[in-house]
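Going by the order they are written in, the chains are A, B, C and D; count residues from 1 in each one.
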């Protein structure tokens, strides 16, 4: 299938991009990796009048650690995360996700920030960003603001990025020695949207109690969802089998998926529980926590 | 794909005012969200073009809207059928109109949608939200426009 | 709009509609019909080409205008004159193709894999090829082919490092 | 371990020769349909109905015609006026709309065609064709259709959704035998609607040349000659004025056998406009409108003694054919070869009946990597035998060994009318059991069950029926299902062979060369194979249903033997001895009793043109039309080993062993490749693929994000091996292999999963065995 006609505006700087957005308003859409947008355009579900291509903005393609966080620029592709030694060594949750987004070829074009901005209810990055307590840097005419991922993900395919604004960067706080995480996902085959997904990041205190916990589920509602009750249960407790079970049970309680060819509501809600539990166990194993009571 | 929702609006206007309002194609058309164009056909129907914009899905939907009032003035049905993006959407919105006896009126509305074509299968998750919005905001707008109309 | 794209080492200057997909640019503007199209949803990978000698991209999920000023390598750019590339030889030797439709994309994805990882395990090869579909071979002989090619390229790869 | 040929010492047959067609493919030099570009070529885009069932009130072309570059907008009414509104279906029992006439009868049905100067322009304008519909009651379930509350095909004389009833076997005796059996199992099972989905979609470039008056059709065709004949019958254009060229095909699997509306509209447009017109399906059109497969709802009943000897088989089927009866079956076999449903087992008596219905779904019922409904039949009997084993508490391997047709029973007349040519089922299964270590696996399973782990072992010992077929029984639209070969040997001893078949990846360019080389003692590297051009190739019915080697392969061998006969004359002439003293030995002609006096075929080829025998015409060519005396019956023993994760319903296929017996193997490398591919398609069908519709008739699997093709990551590693039981009647003893793995494997996968879950009392789960389905089955069993 073939997209409808549009005007193409490659931009070489963020200011150029903002100017283009200001000029064309809601007719314009940002083109980054294009791995969700271009198929949507081929099916003619998306018909932007103007595409503002930010790929030429060289300075947006970066991946570095600074100010206690991993900074991923809007031009950085999933594959860069997947191949990064820094990420593999220090950001287990993020590297888990980078290996399972879409398919290995799509990951060579798709971007992390683009994925967050697309905010597909079954997308991977939003789930990980919630558990990893990420922040997004957004710039507009008014200036630059930093938005917590919880505020950023507004609704299906809708984010806090306002008309005329551009998301520049996502920041994953650098996990400490006693912090690790895991991403668990059920997909029917590589490249499919998640049937269910769960992300977990835990920080243990010196005595082995959980001092911080991020728990989120995907494909379980209009957008990636933080399992607040699970986090409350976990924080301040020592990990035990029944603690993990009751935390996982909270995921099933709040999971609100839509039935589709991937499965019915009951199955998907049960999987939210199973995957949270598996992610918790995998995380504790990575933190070298022995047999649970 | 079939979808269903329901909701309630408390309208601060007398029932006869509300009833007159929702029986008027011109007034109702102004309550459709993202209305681009409305063309009155007759006393009970009009053609409307609304813009759809959810995430990647952006386009125009053309609807034929028919008002089907119940003779006892207790219930109004809105048949909204049409489509765009190579697909078909049939919305059926119904509202029970109840006089609260205090110069206010309750609209208990419910809506169902059935979609066919590429959008139903590819953009289904997107259109779900959109169809709900069309029906939900229509009644919300009725409330808004009648606020304090006496 | 006017674009300049280097394809298999030669510069192609063309005036194209922004909506023209890279796959059709390569096939119809440059005459490289080895790059195929098999779906509309970025699922099948028969359109995979190599961009700037580093990325495997699905050329039907990229607009030709996005390749302006970039370098594209297609299956036609693999062989060195009449001398087959190790991947081509391996696909032939190991019966890594049947109908041949997915083969160019498979080889281009494999080419980028071997640049990144000159000595992949079977599991790594299967993981790397999971964005390319094949309906004929069941992948087994494709994986074998990539293993053979890796072996053949290994010395070169070591030198390159 | 690789496939081993029967007689490795032979000259060309049995060699794992690298494919001669590969060099062009690996260099991106294949020539597929969409690669063909002609001067002034126009493009066709189709308008599809979003409604599964709706009256067409009006079609407004105005806006579309106003678009720049648009040359024509064609509707069903236009085609009716041109007498092209309807086309015949394969067996001729029904006709099929080209573009919707009066009403649309399935979602995505073609309603109009737009021809323009570019793909994009055609696609843009297609959106502007305004069609007003009046929705009608939708039926997507054959069990609802049979109530006839709504008639889908009111164009037909009989106002019913029932298409036909078909039965074979002895009804009353079978019912009696079932009633009298110690044990009687009855199991409902659905073989879901699936789609071949080759990576290259269907397409055409139609080129009506006003100058020559010839219509050239470049077509993704598995059967070019049949398509030429159909086009001639439909359009009235004489066959000599029609030239069908089937270029390289990017996979077919049965999808490229039927004639599709896009072909007809493009052809009509080219005739009307006088320019070449290209139409290439997009993936959604491919999955929603072109030939689906299966969609059989079956009930299997088996009677047996308590000792596990089968006494009777009854299979009752409801078939969903969609909106037109376009099933690709031979005329006399409306349910194809479903009669093979007694499988490898010696049933004293059997009966099967089938009723087919119209629904608001795309037409098809094509032989997807399948010899006309053999896949459905094999699944039914192999699932049924496992249900019986489960009921008897008997090992499924033991039950099979107990009931196999014995090798001394061949040729074996089956109770449903086939005569199996040859087989050795015991040897094949025993080889499989030994190779996979069946005993150890069962012991491991017992251990795991104690620990509450779900490991399963599934067996399928199928018998196939392929190579349609003998002309007394098999025809399509009256054309007998023979096939043909023409061989020309050039003066320097190289040659060309042409057949009526058309490969789509099966390797004919190599295999056919090996057959000729074997028969004539020539170098296969110098035998060119040409297929797919109706101007040059002899008439044949094409490539599908594993018929190429059984039918065309036979034709090639016999044409070569004709050449050998003539060559013998030339040998006698050149060696100046009597023809009676000449014998064919070690791939050359020798003079009996005179050691060292011999002549090669290469030398004879030269002589045929330079020194022909006085009593025979010059040259060295032959053509043979082969009408096979019987079908061939490949068989196999497949074993799947799976582990099921009860928490998620996920199945991991740990091992899969396929022992195939396709008779004499011509190229073991190619045969093994065919088996890998067929197993992978069987795996996909068993675990992830289906074409489903929601209650309002929406097609739910319209592209590759919803119609799932497994990747290298999900696909198991296949273990293959074979046994060789030559076909007694085939000139080479070969039987055909392309579809065996796709026919035999689904039951092995399902049997394995059910075996894993049998401790929970689960006896069956319908395909595809998705996580959700398996998980629900487990929840229900535990509750």
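Convention: a contact is a pair of C-beta atoms (placed from the backbone, for glycine too) under 8 Å apart; a residue touches a chain by one contact, two chains touch by 3 or more.
Only a predicted model underlies this, so the values are computations on that prediction, with no experimental measurement involved.
Inter-chain contacts peak for the pair C-D. Taking the mean Cα position of each chain as its centre, B sits at the greatest distance from subunit D. For the pair subunit A and subunit B, the distance between C-alpha centroids works out to 35 Å.
With centres defined as mean CA coordinates, subunit D is found 51 Å away from subunit B.
Taking the mean of the C-alpha atoms as each chain's centre, subunit A and subunit D sit 44 Å apart.
Under the contact definition stated at the top, the residues of subunit D that touch 2 or more other chains are 119-120, 127, 282, 284, 700-701, 703, 705-706, 709, 711, 713.
Within subunit A, contacts with two or more other chains are made by residues 1-2, 4-5, 41, 43-44, 103, 190-191.
In subunit C, the residues touching two or more other chains are 17, 19, 40-41, 43, 127, 129-132. Across the whole structure, chains are in contact as follows: A-B, A-C, A-D, B-D, C-D. Interface residues of subunit D, counted against subunit C in their complex, comprise 18-19, 21-32, 34-35, 37, 119-120, 197-201, 248-253, 282-284, 504-507, 669-670, 672-674, 676-677, 679-681, 703-705, 709, 711-713, 715, 717-718. Residue ranges on subunit C touching subunit A, taken from their complex, read 1, 17-19, 21, 40-43, 45, 48, 55-58, 60-63, 65-66, 68, 109, 112, 116, 127-132.
By the touch criterion given at the top, residues 119-120, 123-124, 127, 282, 284, 647-650, 688, 692, 700-701, 705-706, 708-711, 713-714, 770-772, 775-776 of subunit D touch subunit A in their complex. Note for the complex: subunit A touches subunit C at residues 1-8, 10, 31, 34-35, 38-39, 41-43, 51, 53, 55, 77, 79, 83, 102-109, 190-191. Looking at the complex, you find that subunit A touches subunit D at residues 1-2, 4-5, 44, 103, 186, 188-193, 195, 261-264, 266-267, 270-271, 274.
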